[in-house]
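Below, chain A partners chain B and then partners chain C, in two separate complexes.
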Partner chain A sequence: MSFWEYVGTRHAQLLTDTYQHASAVFQCMVLATLLGVFIAVMTYRSEWAGNLATTSTATILTIPSLALIGLLIPIVGLGVPPTVIALTLYGLLPVVRNAIVGLRGVDPDLVDAANGIGMSRAARLFRVELPLAWPPILTGIRVATQMLMGIAAIAAFASGPGLGNEIFRGIASLGSANSLNQVLSGTLGIAVLALLFDAAYVLIGRLTISRGIRA
Partner chain B sequence: MPETPETTSTSGASIRLENLTKLYPGNQAPAVDNVNMEIKAGETVILVGPSGCGKSTTLKMINRLIEPSSGRIRIGDEDVTDMDPVKLRRTIGYAIQASGLFPHMTVAQNIALVPKMLGWRATRVKNRVEEMLDLVGLDPAEFHGRYPRQLSGGQQQRVGVARALAADPPVLLMDEPFGAVDPITRDHLQDELIRLQHELHKTICFVTHDFDEAIKIGDRIAVLRERSHIAQFDTPEAILTNPSDDFVSGFVGAGAALKRLNLTRVRDVAVVDFPTASIDDPLESIFERLRSGPHNELLLLDHNRRPYKWLRRGDLARAKGSLARAGTLVADTVTRDATLRDALEAVLTDNAGRVAVTGRRGEYLGMVDMETLMNNVQELLEADRLEAIEQQHRLHEQRARQTQLAQEGLDDASGTEGGRGSRA
Partner chain C sequence: MSPRDGSDPHEPARRHPSDHEALAFRDDVEMAEREQAAGEAPVASPPSGARRISWQKWTFMPAFLVLALLATWLWFRGARLDSIAHQAVDNGKVWLALRQHIQLTAISTFFVLIIAIPLGIALTRSRLRRATPVAMAFANLGQAVPALGLLILLVIWLGIGAHSAIVGMVIYAVLPVLANTIAGLRGIDPTLTEAARGIGMSPTGVLTKVELPLAVPLILAGVRTALVLNVGTATLATFGGGGGLGDLISAGIVTQRMPVLILGSVLTVALALLVEWLASLAELLLRPRGLEVGE
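Here is the complex of A and B:
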């Protein structure tokens, strides 16, 4: 069976896997963004806390993904929970680091101006600092998403959702008729998804970054 | 364009700083040491001094961007030292160097910030933004939707002032607002500010290190030395003619008498009369006056009574029945609002050492020449000197009285002027 014949006969399964892969990455990215920006907002003002946040999220990234998922299985069981936890943790670093850099990079004169015209702390954060730090944060999210696309494939190891299942099935039945097709379809699916997500981020950037600060 | 501003403007409130001190933790000496200052309602006071003298810190303590270590701040009749700083700052205009505009917001959004935070209705905010742009000389239709980076430095600074004034605060703090623009633009902005203040009568506290800027804008100038100690707090005239010590005179710099010329306008000095003739007069009478009159020169005015030509007796020979070729065209005139310095400049460049003074529509009013200028300047300097000496006497007496009262244990709260400034 050729690759295209394989895709033709299994398209229902492939589409489900692709959708689940995309959905898992998207949801974990939303979580990682919220958490990462929150961590950055809490720590950027202090040299010490900010560095701690960057270093610890960087440390998480050094743990091999297979090992992390393996370690999570005895704690949270199989399926969705270990996938979500692992992906969210991996997605944190680029978001936290870029958000801290972005927030620290806001011109001190503008912070002074914001305070001086009577903005409260929250208003200053949401109306001045975060909008100005948004371009680097979005870049962080973009980098993290690309990374999660690949890491999400490993989630199949813990019976997680996504295109990883296709790849693992292929590897498990190495030598059989469809094993190569399975691995190939999983891998190509992930690559296509990554490109689509990237295109989406370009669009989001256009829509959410103020014309006044767009490069 | 709104024809008339619908919102009436609040005029200034007085500011009183009492024993204001800022001591940063870990420092031996305070950054600002025991400043006492009273700024009257509607007055423009300039804090001027070398870098690092604490002038900016003093300013920022007024809206409590920097919390004072001790001392009180009073605005109007209210002690604001313990007030919620966020609420306080919404009632104080704040303009800083390089405008401080938020680059991700449009001009209109920037200006609307404070009114929105104060909960104004949307239509009122919108009208106010237009009114403010108009006030600072920017066309609302054109600039409304622009982003700060699409504006020149001078335009940004205007928008910065518009934002500071948007919620109609009685007090305006300006921290070297024109420090980052080129000299020509700075000059325009200073003129604008003077015009604005003439209309609005806010209480302005303005920080700069440029003494010429201070003289130009200030009603009174506080020359500060290190730790914000007040070396002299007086009118520009008094500081120029009677600096209290070497530090102040060093800061005033060379050419105090020349700088003094910037403070007086042509309308304040006596202009001299000069024989004139209208271009509509019959030629015969003009000739007759030139030939027989005591003057050997006439100023010829055009149909609108604007200075047109200088006519000398010698030019008559060339006239030959028409004035078209006779005389020299008037090259330069000064208006009544020009400073004496401008007038001096014009007199010096004129080959006969005189310049015509014109009114609002360019009509002839009189003449200034070297002699009038000299006399006037000497009189002015003399008057300044006398006044400064008198002022010093008064201060000495006041201080003596205060110490006496303090010694008797009576805390005298005299001089609490407060209140609202008058409206124009």
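Here is the complex of A and C:
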């Protein structure tokens, strides 16, 4: 069976896997972004807290994904829970690091001006600092998403959802006629998803980066 | 390099990447290739004021690892293993897996270095400079392919075994070193290379005596990234019959034997953290002295 015939006959299964893959990555990324920006907002003012946040998230990222999933399985079991926890943890670092750098890079004069016109702390954060720090945060989200695409494939080994299952089906039937098609469809599907997400982020950047700081 | 390298607050004096980065930030193409360099990488940013960092930082990680390994070992001794679990760990299989893992990492990192650094140098020479965006776009596109899929496709193509895993790991880890080499060489203040040419240095002299030493910190950061990436990718070698600590993890998951799974995972995590620690130590020791004058 040629590759296209394979895709034609299995398109229902492939579409489900693709949708689940995209949805898992997207949801975990939303979670990681909220958590990451929150951590950054809490820590960026203090030198040591910010560094601690960066160092600890960097340490998580050093851990190979298969090993982290392996350590999560005895605690939370197989399936969706280890996948979601692992993906969210790995998505944190780029967001936290870039958000801290972005927030610290905001021109102190602007913060001063915001104080001067009587903005509250929250208003200053949401209307001045975060919009100015948004471009690096968005870059962090892009980097993290691309990484999560690959990690989600590995999570399928712990019965997680997504296109990784297609790859592992191919591994299980290594040597059979369809194994190449299975691995190829899973791999290409993830690559295409990664590129689509990347394109979406470029678009989001165009729409959400404050007009004042656009080049 | 990504913003995080650029505006690291406690490296006021390390001039070259930072200024350049801040500007490159707005540029879409540049940004895309830069964020890849450091972003994809687990830990690309060089610890900046690192040389001033106290001994606590350097002893914390090994002490933590020794304690964690000791605790795991004691627990594993006491854990009840049935025959299936015994089969996975007896007869020195744990040491074999550990040794295979280290071999996979070392061999693939070696090939990454001898491919990526010369390629990075070649792509920054004036003759090939125009090919750089094409090469980087290609490399970034390749980065969208998941490591697991790439590895298994290579296994189908080249056959089961460690060699397919090594090829996959090399392909996957070339990008961070390549991107950092290019960024490091490009970030050099052009007046310095001009001065070197002005005093009559040959192009080779400029490269080896001026450009490369100045690019060393970024190149080393890329190497560290590649090493850590390789330790991680080596766990996937098990799916193509390449051995390594992934053998223990996958055996633990497939047979539902938690002690085996935990032992494999803890050893992998410890190895990754140890490699990272060693690499950051090496990064510090190998950094040219001349670059510190300003700090």
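In the analysis below, the second predicted complex is superposed on the first by the 215 of 215 C-alpha atoms of A that agree within 3 Å, B and C clash if a C-alpha of one lies under 4 Å from a C-alpha of the other, contacts with A are read in each partner's own complex, and residues count from 1 in each chain.
Going forward, a residue touches a chain if its C-beta (ideal position, glycine included) is under 8 Å from a C-beta of that chain, and two chains touch if they have at least 3 such contacts.
Note that the structure is predicted; figures quoted are calculated from it, not measured.
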**OP:** Report clash or fit for the pair chain B and chain C bound to chain A in the combined superposed model.
**Re:** fit
Original post:
Just chain B (first), just chain C (second), both, or neither: which does A:Thr187 touch?
Top reply: second
Subject >> Partner, of chain C and chain B, that touches more residues belonging to chain A >> reply: C
**OP:** Using centres of C-alpha atoms, tell me the angle at chain A that chain B and chain C span after the overlay, to the nearest 10°.
**Re:** 100
**OP:** For A:Val128, decide between first (touching chain B), second (touching chain C), both and neither.
**Re:** first
**OP:** Would you check which partner chain A:Pro94 touches, where first means chain B only, second means chain C only, and both and neither mean what they say?
**Re:** second
**OP:** Return first, second, both or neither, reflecting whether A:Met119 touches chain B, chain C, both chains, or no partner chain.
**Re:** first
**OP:** For A:Leu203, decide between first (touching chain B), second (touching chain C), both and neither.
**Re:** neither
**OP:** Check the residue A:Ile73 against both partner chains and state whether it touches chain B (first), chain C (second), both, or neither.
**Re:** second
**OP:** Identify the partner contact of A:Ile63: answer first if only chain B is touched, second if only chain C is, both if each is, neither if none is.
**Re:** second
Original post:
Thinking of the overlay built on chain A, is A:Met1 touched by chain B (first), by chain C (second), by both, or by neither?
Top reply: neither
Subject >> Three-chain overlay, closest Cα atoms of chain B and chain C, distance in Å >> reply: 15
Original post:
Can you list the residues on chain A that touch chain C in the complex?
Top reply: 47, 54, 58-59, 61-68, 70-71, 73-74, 93-94, 97-98, 101-102, 104-105, 135-136, 139-140, 142-144, 146-147, 149-150, 153-154, 157-158, 164, 167-168, 170-171, 174, 179-180, 183-184, 186-188, 190-191, 194-195, 198, 202, 215
**OP:** Could you please specify the touching residues of chain B with respect to chain A in the complex?
**Re:** 63, 65, 86-92, 94, 96-98, 100-106, 113-114, 117, 147-149, 163-164, 173
Subject >> Sites on chain C touched by chain A in the complex >> reply: 2-4, 6-10, 25-28, 31, 35-36, 39-40, 42-43, 45, 141, 143-150, 152-153, 155-156, 160, 228, 231-236, 239-240, 245-246, 249-250, 252-253, 258, 261-262, 264-266, 268-269, 272-273, 276
Original post:
For the complex, which residues does chain A have touching chain B?
Top reply: 109-110, 112-120, 123, 127-128, 131-132, 210-213
